[in-house]
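Below is one structure, written out as structure tokens; the observations come after it.
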Amino acid sequence: MNEEIRKVLESVRDGSMTVEEALLRLKIQPFEDLGFAKVDLHRSLRQGAPEVIYGAGKTAEQIVGIIRTMQENGQKQVLITRLDKESAELIRKSVPITYRPEARIGFCGSIPEPDGLGRVLVATGGTSDIPVAEEAALTAEFYGNEVIRLYDVGVAGLHRLLAHKEEIMSASVIIAIAGMEGALASVIGGLADCPVIAVPTSVGYGASFRGLSALLSMLNSCASGVAVVNIDNGFGAGYYANMINHREKKA
Amino acid sequence: MNEEIRKVLESVRDGSMTVEEALLRLKIQPFEDLGFAKVDLHRSLRQGAPEVIYGAGKTAEQIVGIIRTMQENGQKQVLITRLDKESAELIRKSVPITYRPEARIGFCGSIPEPDGLGRVLVATGGTSDIPVAEEAALTAEFYGNEVIRLYDVGVAGLHRLLAHKEEIMSASVIIAIAGMEGALASVIGGLADCPVIAVPTSVGYGASFRGLSALLSMLNSCASGVAVVNIDNGFGAGYYANMINHREKKA
Amino acid sequence: MNEEIRKVLESVRDGSMTVEEALLRLKIQPFEDLGFAKVDLHRSLRQGAPEVIYGAGKTAEQIVGIIRTMQENGQKQVLITRLDKESAELIRKSVPITYRPEARIGFCGSIPEPDGLGRVLVATGGTSDIPVAEEAALTAEFYGNEVIRLYDVGVAGLHRLLAHKEEIMSASVIIAIAGMEGALASVIGGLADCPVIAVPTSVGYGASFRGLSALLSMLNSCASGVAVVNIDNGFGAGYYANMINHREKKA
Amino acid sequence: MNEEIRKVLESVRDGSMTVEEALLRLKIQPFEDLGFAKVDLHRSLRQGAPEVIYGAGKTAEQIVGIIRTMQENGQKQVLITRLDKESAELIRKSVPITYRPEARIGFCGSIPEPDGLGRVLVATGGTSDIPVAEEAALTAEFYGNEVIRLYDVGVAGLHRLLAHKEEIMSASVIIAIAGMEGALASVIGGLADCPVIAVPTSVGYGASFRGLSALLSMLNSCASGVAVVNIDNGFGAGYYANMINHREKKA
Amino acid sequence: MNEEIRKVLESVRDGSMTVEEALLRLKIQPFEDLGFAKVDLHRSLRQGAPEVIYGAGKTAEQIVGIIRTMQENGQKQVLITRLDKESAELIRKSVPITYRPEARIGFCGSIPEPDGLGRVLVATGGTSDIPVAEEAALTAEFYGNEVIRLYDVGVAGLHRLLAHKEEIMSASVIIAIAGMEGALASVIGGLADCPVIAVPTSVGYGASFRGLSALLSMLNSCASGVAVVNIDNGFGAGYYANMINHREKKA
Amino acid sequence: MNEEIRKVLESVRDGSMTVEEALLRLKIQPFEDLGFAKVDLHRSLRQGAPEVIYGAGKTAEQIVGIIRTMQENGQKQVLITRLDKESAELIRKSVPITYRPEARIGFCGSIPEPDGLGRVLVATGGTSDIPVAEEAALTAEFYGNEVIRLYDVGVAGLHRLLAHKEEIMSASVIIAIAGMEGALASVIGGLADCPVIAVPTSVGYGASFRGLSALLSMLNSCASGVAVVNIDNGFGAGYYANMINHREKKA
Amino acid sequence: MNEEIRKVLESVRDGSMTVEEALLRLKIQPFEDLGFAKVDLHRSLRQGAPEVIYGAGKTAEQIVGIIRTMQENGQKQVLITRLDKESAELIRKSVPITYRPEARIGFCGSIPEPDGLGRVLVATGGTSDIPVAEEAALTAEFYGNEVIRLYDVGVAGLHRLLAHKEEIMSASVIIAIAGMEGALASVIGGLADCPVIAVPTSVGYGASFRGLSALLSMLNSCASGVAVVNIDNGFGAGYYANMINHREKKA
Amino acid sequence: MNEEIRKVLESVRDGSMTVEEALLRLKIQPFEDLGFAKVDLHRSLRQGAPEVIYGAGKTAEQIVGIIRTMQENGQKQVLITRLDKESAELIRKSVPITYRPEARIGFCGSIPEPDGLGRVLVATGGTSDIPVAEEAALTAEFYGNEVIRLYDVGVAGLHRLLAHKEEIMSASVIIAIAGMEGALASVIGGLADCPVIAVPTSVGYGASFRGLSALLSMLNSCASGVAVVNIDNGFGAGYYANMINHREKKA
């Protein structure tokens, strides 16, 4: 930042840049304003990952508009989460997207070759947690991670989980997804030697209070390497897993 | 009940009992009124277990009064829970009691020989849960149960728990005690083939909200044979375990 | 477990089993992986009761798949809870099941002769609690228990409850089901000499907060022999009652 | 009110009152301003009962100041609630008051002869609820009601309550006070034919959440004649009972 | 009660009643069992008011069944609350009922002449509270009370309320109904000299949390003569008002 | 007020007004009673702003009735909030209104020229907050304020917000609208030198608990000039902004 | 901002400023880093008000350090909130401050002459709310506002409030402070024509849940001109009132 | 695991290991049982990090016992969290430990040279969050990470945070610690391109509800790379940061 400003100043001193140009340069807005949304075009540079569109509550037209702005600015890879089938089909009439109903995700571009440090393991307590898991898994794959799926391994039948101890031990990051009592995160956290991202789900009834029970459980995990994202936030977990799995040596 | 009333009626018909005597008999109060407390003397008959004194919030004098009333009515075995050291010593000056500080329990009489169907296993997630566990264990012992203690076997270090798989498999009833995320109940519930009584504890901080997290976890257990008592209610769990462990064939 | 492993080891030593065979034997997975679910086939051995399918959130096809896997592995008795009428009819086209709409339960096999220690009493506070009660009652019957139903005996009309004092006194286990203020569990708990399993229901409005009021009441019961399961969890209560009612002498 | 204003207006018209006097009369403040408190002197007229001083959080000096202002304005009967022993003794040095520690109440004047429609019954679930009960009972007595105390009759030992069925049936108003599961209000509400005022108490631990459990129970009572006041609000219940017990025919 | 038993005993002694007859007499069930509901026929005697049918969650057939049982036992006046239009029309095909949609109430029999001590004032904060208010008002009328309606007098426009000060001052009981901040109860409580029954409603949005805000407000009312019933419980308030308005001198 | 009463009194003294006329004058009701609603006609005088109709839960007929009463009393400017399209069209058949679907607002009269102290800035965290924002913006415009809209400037992309620093610095009042974590209010509060009105929205999922998360965030803002209105209360914010933006020197 | 940067750039172009100087000027940190705190020295410029020190949780030494840094940078007026007596006395040994125990506030400098648009009215529901009120009042005075105090005017005795209707009508801003049911804000909001800042207090017991009840009430106020700050946040209210009372015409 | 078992089996087959030895080997308990605690000695192997002792609720004697067992098993590096000064001094009499009061941490061994991928940035919103921050920072340092501290950079004074943009951009992992509204995590999450670990603190008052407000904010962060640990859980954050900062290429 410092260097960039210095260069601008030097150009002004040298006369190779006018004051007006410099002013503009120092204040330039790194996003495009669509009126209803401000598309962030520098994000890929700033955060190393393309912009994501949260589909819930947006019309198909709005989503198409955002995608086009991105593509016109050179962004090939676009992820749309919480996208229902109907919207996906409407969007497809305007721009080519791939849609995966089990993950409620649409995307432009293609799933890249995995290039992370290791594998991302996505585990669920039950079968009802699978939609959240697929959102997490596909997000991680979209950002270049190899993903292993391990579904329906809840702690009430521990042998199902222990049968996969080796996958757990060898993973680079683990996403543990569970509703109801959410104990999966603690048990996996105690077995694994890598960071565990816990995702509470709203699966359950009665005193599960739509995910509150699982959320509190996971926050109180007595295993040390566990951090938590919002209830049902599969995307957030997949994104975070990608960040961890792409850590590199920094000066 | 039916039979008892019939006998009274027959005696009235036969003239062997006056109407006044019968009235008295039908209405007799099976408890003694101490003013501040109504001591339940028929409970042993009605529920098969002696009255218990909840010590918290009662003065040593009040407790002594209740014990004496019980003893005068033939009750030898008396249990006093939530009893602090100071009160215990004050009480001991008036009536002989045994005091166990680790369980915050005092009692008159002696621990009987176990005569239950099997063993009661008392397990805790951590060392801080031990006071609640001791309250449960001693209560169960006081009612005639053999108790096995298995402390600090929380799910974050699963091997500690699995090393005791045989004790778990062979127990008649299990009391699973844990604070924080309370996952112990689910994991044990999945391993055991006997009823599990889950006791959430107020151990923890932050989002444990004084036991709420563990309570919700245990209520939402995906393992089937798990029922829950109040936060920190070691006595309730021990008492309930005793009930289960003393089931007999009923006509 | 210990003994089984010893035998394997002795066979290896004796040469009657190859290392590969032993490895397989020690690691064999006691469940079958259907992709979306891991069917637990050893549970009957491990916990003395057949696997149960939680029907909510599963498609008819998934349920049929799980049933078939179970049946191919010799499991005759299968219980499906939270099953709506439509799914039941779809399933029936593929596998023969009996469906009981009042309990939202389907099952393969037949209701066995009761062989428990005594009777399971299922009581409700009001008529709106009956669906939860039927789930509990049918579950208990399916596992071999004689069940007595006692509906609409809420504490606001105490004489309705007291008229059945003898059934209460003679039960082996009682399931007390109530919404709103949930006082039924405490009152029955004070009358009975057997374990009471309390089931809060989401029946009510306003400050019942979908069962929270009844849940808290039951957890705070001043009667000692009361344990609680999740809101509306009729199955859990029936299953737990069965466990208690089938206790046997253990070495 | 209407009449009073009419008279003022007529006096102005007649010249028997100047405009200034009338203005004053119409605007006169029916309270005295002590700076830290505005003492309400017309309340006795307006509401048929003397002002009450809520002692908690007021210094002895402030309380003395308020009492004196009241007495100078002719108020003989003054009630001070939530008054601790120390403050009571300090106050007594300045103005003569009677102090009842078990109710944490002080008062000037004397307990009047009861003149209500009938008796106020004050019942508690346990012995720990007695301080709240005494606050209610003494308040009712101070306002001229005959009070019957019925303590430690919680629903877990129903026979203790039923032994007093006649007192319950013959009361004019009942105050039902309980912590923990708060079921007492519902059971009494079902037995009695008079209004029941339910007072949840903060007695209990764990999931009683300082009275929340009892509060919700009482609000959800399935018995119809039950209304609820704040947790531990013995005064409010006694005051409300007095209001009901002193209803008279109104034109 | 005492007297009744004495007579039975004397008859047995005299031989005018056999032991079997006496047994029956002492244990007779004062309700009729319809299987799905236990109709309480002695309630009118016991509590001075006919049984009420809570319509929500009951089918038209069930309600007809209960009404018929009541009528066959001589009960002419029957109230059905929370009854929707469709059910009301279905019921009307079998038994003649009057239906008032604005109160969601149906009833058999007729509104009696008022015979209470005075008038019941029903006030609401806004127009959206009217359905709850009508439930309260009609209930009170059905039990023989004169009712004054005072709607849309919320505290944000205090002059609307103060314009009716005389009705407030002269009422015998007041039912104050409000959602959102629920301040109406406190303001009326400060103006009136009679008991106020506060009914929080679920009217509002956002932080009203479906009536929780109004409920807490009303429980914390700084005015003394205020007691609270459940959120939206218009019936409970009307019933309680009737009880207060029909107090009589008791021995 | 004082002066007005004095004049009435003087007129009575002078004989230029009868006692009856004076009585009427002193008690005249400044609102009209429509039965279901009490229309407040003096509000414009009292509070400097026309009455607003909260459309939710009112029928089109009721709304038309209220509008007509207002218009007959000279009120030209009427605002109807929370008005859906269907009702708006029904109303339009009877009285001419302008309807703005994006704000769910209808109004009679026209948007006046802005005459406030400065500009009202309306900012949102995301695009889903826009309906609430439009309700706030249009309300402010309707009351005579110039409004600047700044949408989708959530704190996760700080540069989008900072690019508009000048608009923030130069605003007279700012309305900060956000769901989820609600951090927008604090960040703007730290940048601006004018009062910030924070509006939490129910936008989000999981642990946003329908706006609770944003509400708590905003209440706990560490920036000093932030006050909060109810969840989704765009109208309240616009109205409050107008009040601030029209402050004038007061004697 | 824009202008300032332009000037720097022009100076660089003109050679009157070196690149290094310009860099420094553009990046200068407008705060001083004390290690444990970053003292904000430009705030007065940025927000038109001096920095405030939140005293709770800071040692006297830390506070002295912050004050000195401020004073060395020319800041004469410093406000320290939540300051207990002991700390105040310790601080006074190092720097001269005025301490007001009733407001728990200390300050350097002097209370300025009021120069706001009008008066700030500070009203409380009870005497226990006075500490919060004094914090608000003194804060407003410190920022140059005339303050009127109106204490103990809770809605349960409405005449106490109405007696001050003229002060309410003539205020420029009102701070309404109340615990328990918090109705004061709504009632004042309905009477006043100026913005009302509502401050819930933690005064109360039981279901007041430490201010939650008052907080929810105030957020749900049916009066339009009410915004809310955090529980017990007297400072925030005083600061916000100052902002409103010092609005000026903006270009 | 597989390989290890194979080797044991081959040894048994070869006769180089007896069945008893093999049994022992397969079942060996990788922890030592101290009665009150089961010390985990293989954790360093299993999870790549030494055991940590949670000091709260343990006596100095218990802690000394656990340390000694660890040291006897070759563990040099031991971390004790939540350790108060008094206990630390008692422990130091038995075993040499370093104590850091600002972090409430004691440790055996020494802080190693940092060997992570990059730097761990620890940022706090205010000065009161520093104890939690120090716990996080020291934990990270103890596990071999370079830590940068950035305290008191809350979002209400954004320039304080933005002045450190380069440290934020260049960090490998960031721990964002804040109480009250917890917005720091979102703002940093939007600026950084590395994983952010959010730690809500219990700092604040009123509606912060002991950290609940910050917790919900952080879970709802609209920035994508944010995961959350328990309230005040500085250790958990430091441990998790270490895990991320030590990721390596995995096969």
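The chains carry the letters A, B, C, D, E, F, G and H, assigned in the order they are written, with residues numbered from 1 in each.
As a working rule, a residue touches a chain if its C-beta (ideal position, glycine included) is under 8 Å from a C-beta of that chain, and two chains touch if they have at least 3 such contacts.
A quick note: this is a predicted structure, and the numbers were derived from the prediction, not measured.
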Contacts common to subunit B and subunit F (chain labels): A, D, E, H
Type of subunit E:subunit F copy interface by residue overlap (half), same or different: different
Most widely separated chain from subunit A, with each centre as the mean of CA atoms: D
Between subunit C and subunit F, centroid-to-centroid distance (C-alpha), Å: 55
Whole-Å separation of chain centres (CA-atom averages), subunit B against subunit C: 25
Inter-chain centre distance, subunit A versus subunit G - centres from mean C-alpha coordinates, in Å: 41
For subunit H, residues that touch 2 or more chains besides their own: 2, 27, 157, 206-208, 212, 215, 219-220, 224, 230-231
Chains grouped in pairs wherever the two touch, ordered by label: A-B, A-C, A-F, A-G, A-H, B-C, B-D, B-E, B-H, C-D, C-E, C-H, D-E, D-F, D-G, E-F, E-G, F-G, F-H, G-H
Touch list for subunit E against partner subunit C, complex: 27, 29-31, 35-38, 40, 42-43, 56-58, 62, 200, 202, 211-212, 215, 230-233
Partner subunit B, residues of subunit D touching it in the complex: 127-128, 130, 151-153, 157, 159-160, 163, 203, 205-208
In the complex with subunit A, residue positions of subunit B that touch it: 125-126, 154-158, 180-183, 186-187, 189-191, 204, 206-209, 212-214, 216-224
Interface residues, subunit A side, partner subunit G - complex: 2, 5-6, 9-10, 12-13, 15, 19, 22-23, 26-27
Subunit H-touching residues of subunit A, taken from the complex the two chains share: 1-2, 46-48, 52, 117-119, 165-166, 169-172, 192-195, 197, 215, 219-220, 224-231, 235-236, 239-240, 243-245, 247-251
